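This report concerns only the one structure given below.
The first chain written gets the first letter, and so on, giving A, B, C and D; residue counts start at 1 in each chain.
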Amino acid sequence: MNAPASREYVLTVSCPDAVGLVAAVSSLIASWGGWLTEVANHSDTASGRFFMRNVVTADSLPFGVAEFVEGFRPLAMRYQMAFTVRDTSVPKRVVVLVSREGHCLADLLYRWRTGELRCDLRGVVSNHEDLREMVEREGVAFHHVPVAKDGKDEAFAAIERILDAEKVDLAVLARFMQILPEGLCRKYSGRVVNIHHGFLPSFAGGRPYQRAFERGVKLIGATSHFVTADLDEGPIIEQDVVRIDHTHSVEDMIRLGRDVEKTVLARAVRDVLEDRVLLDGIKTVVFR
Amino acid sequence: MNAPASREYVLTVSCPDAVGLVAAVSSLIASWGGWLTEVANHSDTASGRFFMRNVVTADSLPFGVAEFVEGFRPLAMRYQMAFTVRDTSVPKRVVVLVSREGHCLADLLYRWRTGELRCDLRGVVSNHEDLREMVEREGVAFHHVPVAKDGKDEAFAAIERILDAEKVDLAVLARFMQILPEGLCRKYSGRVVNIHHGFLPSFAGGRPYQRAFERGVKLIGATSHFVTADLDEGPIIEQDVVRIDHTHSVEDMIRLGRDVEKTVLARAVRDVLEDRVLLDGIKTVVFR
Amino acid sequence: MNAPASREYVLTVSCPDAVGLVAAVSSLIASWGGWLTEVANHSDTASGRFFMRNVVTADSLPFGVAEFVEGFRPLAMRYQMAFTVRDTSVPKRVVVLVSREGHCLADLLYRWRTGELRCDLRGVVSNHEDLREMVEREGVAFHHVPVAKDGKDEAFAAIERILDAEKVDLAVLARFMQILPEGLCRKYSGRVVNIHHGFLPSFAGGRPYQRAFERGVKLIGATSHFVTADLDEGPIIEQDVVRIDHTHSVEDMIRLGRDVEKTVLARAVRDVLEDRVLLDGIKTVVFR
Amino acid sequence: MNAPASREYVLTVSCPDAVGLVAAVSSLIASWGGWLTEVANHSDTASGRFFMRNVVTADSLPFGVAEFVEGFRPLAMRYQMAFTVRDTSVPKRVVVLVSREGHCLADLLYRWRTGELRCDLRGVVSNHEDLREMVEREGVAFHHVPVAKDGKDEAFAAIERILDAEKVDLAVLARFMQILPEGLCRKYSGRVVNIHHGFLPSFAGGRPYQRAFERGVKLIGATSHFVTADLDEGPIIEQDVVRIDHTHSVEDMIRLGRDVEKTVLARAVRDVLEDRVLLDGIKTVVFR
């Protein structure tokens, strides 16, 4: 485990753009004596919306999250701000969903165990038994929820109960080869991150490497995105690619793709855990 | 101009795969006393085809291209080989087609003038006058062929006459914003290279940067491919990408994309000029 | 030429870190009615210094640069801020220095002529005549200043007179194969940008590609940096690399390197022209 | 575990360059009825040496490795060839050496367990106990060999006994923070691969990330190389980089660097296991 990071409050803000927003927010924080260690903001001229992420050292404020929220509310109301305040010493609650491919899960588990990914890993859900050992030997709960063709409703009800019971802040689909039902997508909107093994919008849907092979592309990639009811159409958080050529078989592409998938997913999960990703319609603002 | 390269013969071969092909070809060349400086080959297990590229120093052979072809023909017939033999001291005849965007053309002209791209640049064709000065000051012929909405047939007939008259080995669409008619595509199959300002198969067709912006992708790219009658569906030669984020406007993407476009096109053109690109159905084999 | 950008003031600030700096600056600007379109800041915990870059639309302020500076001075004094205010409608004055290699110059000229690089290009200085035509045909002044082995002092005095006369904000060494004298480096500190054709700190000094070839590295690169009296030791602004392998000769590396050099230099020049690069000791803060 | 690959013989050849080498080798193999599925070769014009790698399907030959070697020897003697023949169904014997950092080891273990890295993992040696559990739970032997300041000779003698006893084809230093003694380097020349957490030749030696941070580079990297008696001077097999900027602390660089280190090392190990890496003086030829 890394040395515990210094405790901080992370404030994220999303609102219609206006003059003086940076000043209004930073002045309020300054009026409390707050020490801003990171400030980032973005004006989307297309949507007319403003986004902000501020990090304040907790020690510099005379109060806690609840008072921060209370104190910030009047300003938020004036500017129609959606906002969140989070105490970095309270890690987010996470559940990972997988099927049989274990490379993303193994990567996430290693980063979590060594403290690189700071979160409260509540468990792993899978529709197969293959990865049970990998999970349980880390002392993490493994839930086997088979998804039968004619039993999808029950299966997803079971999954929803797990997510609810664990009060998850984030569900990570780490090569979970099932499509979430629309209701679940909506209920957990902005809290479910998927890795797609294709460079979206290329090769959405099934068998992306096979199709990339057939098309003869010279780069293959992976895409991490928020899950919405539209398959592979959710807001993209992170993407990356790897070069291939005519010598690579589909199996080679699957192998090379695994490295891209796990890296892209790990970056996206980290960014979400650190409140760096804000939703802007069907797009994301990622403050790095 | 670079120092003239040593004179070489480049042999490319494409045929059904079989045992002993490398031996058969290299032994024949060795029997002539030929010095092989580069050998590359590829077996496509999906299509069952074999591809080969050999470079022989011209000095090591007691004869010229015509005799090389004659001498190779019996072997080629035995194995049903399609093959080409080219003398690198005879540069390929090239015509470039452009519309109004000059970045790819300027890049190609610079590489050609400094000898980096070794070819016989026969002229530039454009449906606009904008780039005339850039071309003529290099001493290159500029052909203005307006493409009126109701005069496309005549315009493309004029373009075809230019390509025919110049006996082009390669026509480069360097941001030529017109769709070639099917007949021309077929007649010049394998001899027309296009740059598409999108990462195919994503964003085929018009306004790729605008659509990439709207989709919120995190990487944008460009694709160089052979032109076929199916728009943006031809065999891909080269692709590359550049990272973007939420701060980039469509204009920024167009600006960043220009650098990718010109680099990708220049690499593809160089590869084609050096006979490194072999067609394998709707895919390419690129021997680098 | 691109459409003229909207007129803006760019404020850069560098000072000892303290609580409330963002609030102090943004509140002052807000008190003037200023519309902040970009805000970026950085606290260097190693040096204890704070850096900030703000972009304000000129229309939103009731005054010009002189009044902005006047109005900002009290705050700057309170926090010991070094600061600059620039009107983006007044392009920076630039002189480019070259020797015989023209690829960086050609690239900069194209970007300047098409409006991608917004600056007032005052002229090109070279110790050779080779690139005169490339410069003059763009309507740009070309100064030939031969640098004889026993006449370096005079040559650099002549160059200094040109830089002084043109009141340059930025001198770009675009493959200028001469070492600037220490006095000139000091006088123009922070205003001279060089491109080194090696991935610093690897291969500082001469013949970097030859040495990279001999060492057998698998990536080669280029580095753009501010020029200081210590050769190749100045603060790095931008770097990039390209993959090579055993098949690449020194000549191939020089060819591939050209593309990296020109891209890296163009990015660095653009960043400096837009006041995105702030000096932090022997390092840079680059707000992108 | 992946499906077992088809059995193949891999022939590598290194010799003085000469006319007809490709023909001589491929004809000999063809005369045996051998089916060449991969052929790659390289002439190093600087050293005057020729390198070749051939893959022959085992089924296509009427004999085994011993007969292959016997049959090849006359040709090898004629051309002064150093050569190896390996049966891909006999995996190489590998020992991994580590200290306390486990990211490279965890990555290698995962790739080995899932069959991506085909080798006979004989054990892991460490001068610390930290990673014992990670190793033993995979059923792999863990050897703790403490390296005391005044007991280095004994420690390395113990390590040498392990390598000897396991008849290792390859020892992988996966963040082993000890310098191997010269004798061991010489004895296992060409069979020990290291990962250096710096972009060599930049930042050879200790604390590369700290020094990269202090220098203000914009990319950091990792280098995998064969180990020789000259620290960090051995032939480079693979390198890669990751972009950083002023916002990254040394800790961030260490974190980002881990991903580059493990990827670069895994690629190099795979290439060595597949006999793709040939030594060319202080450089390597890597046939991919």
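Following the convention adopted for this analysis, a residue touches a chain if its C-beta (ideal position, glycine included) is under 8 Å from a C-beta of that chain, and two chains touch if they have at least 3 such contacts.
Worth saying up front: this structure is predicted, and the values here are computed from it rather than measured.
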For chain A and chain B, chains touching each: C, D
Chain located farthest away, centre of chain B as origin (C-alpha): A
Centre distance in Å when chain B and chain D are each reduced to the mean of their C-alpha atoms: 37
Residues within chain D bordering two or more other chains: 247, 288
Chain-level touch network, classified as line, ring, star, complete or other: complete
List of chain B residues in touch with chain D within their complex: 19-20, 22-24, 26-27, 29-31, 33-37, 39-41, 43, 60
Chain B contact footprint on chain A (complex, rising order): 42, 44-46, 199-203, 213, 215-219, 221, 235-241, 245-247, 249, 280, 282-286, 288
Partner chain A, residues of chain D touching it in the complex: 2, 102-103, 106, 110, 114, 116, 137, 247, 255, 258-259, 263, 288
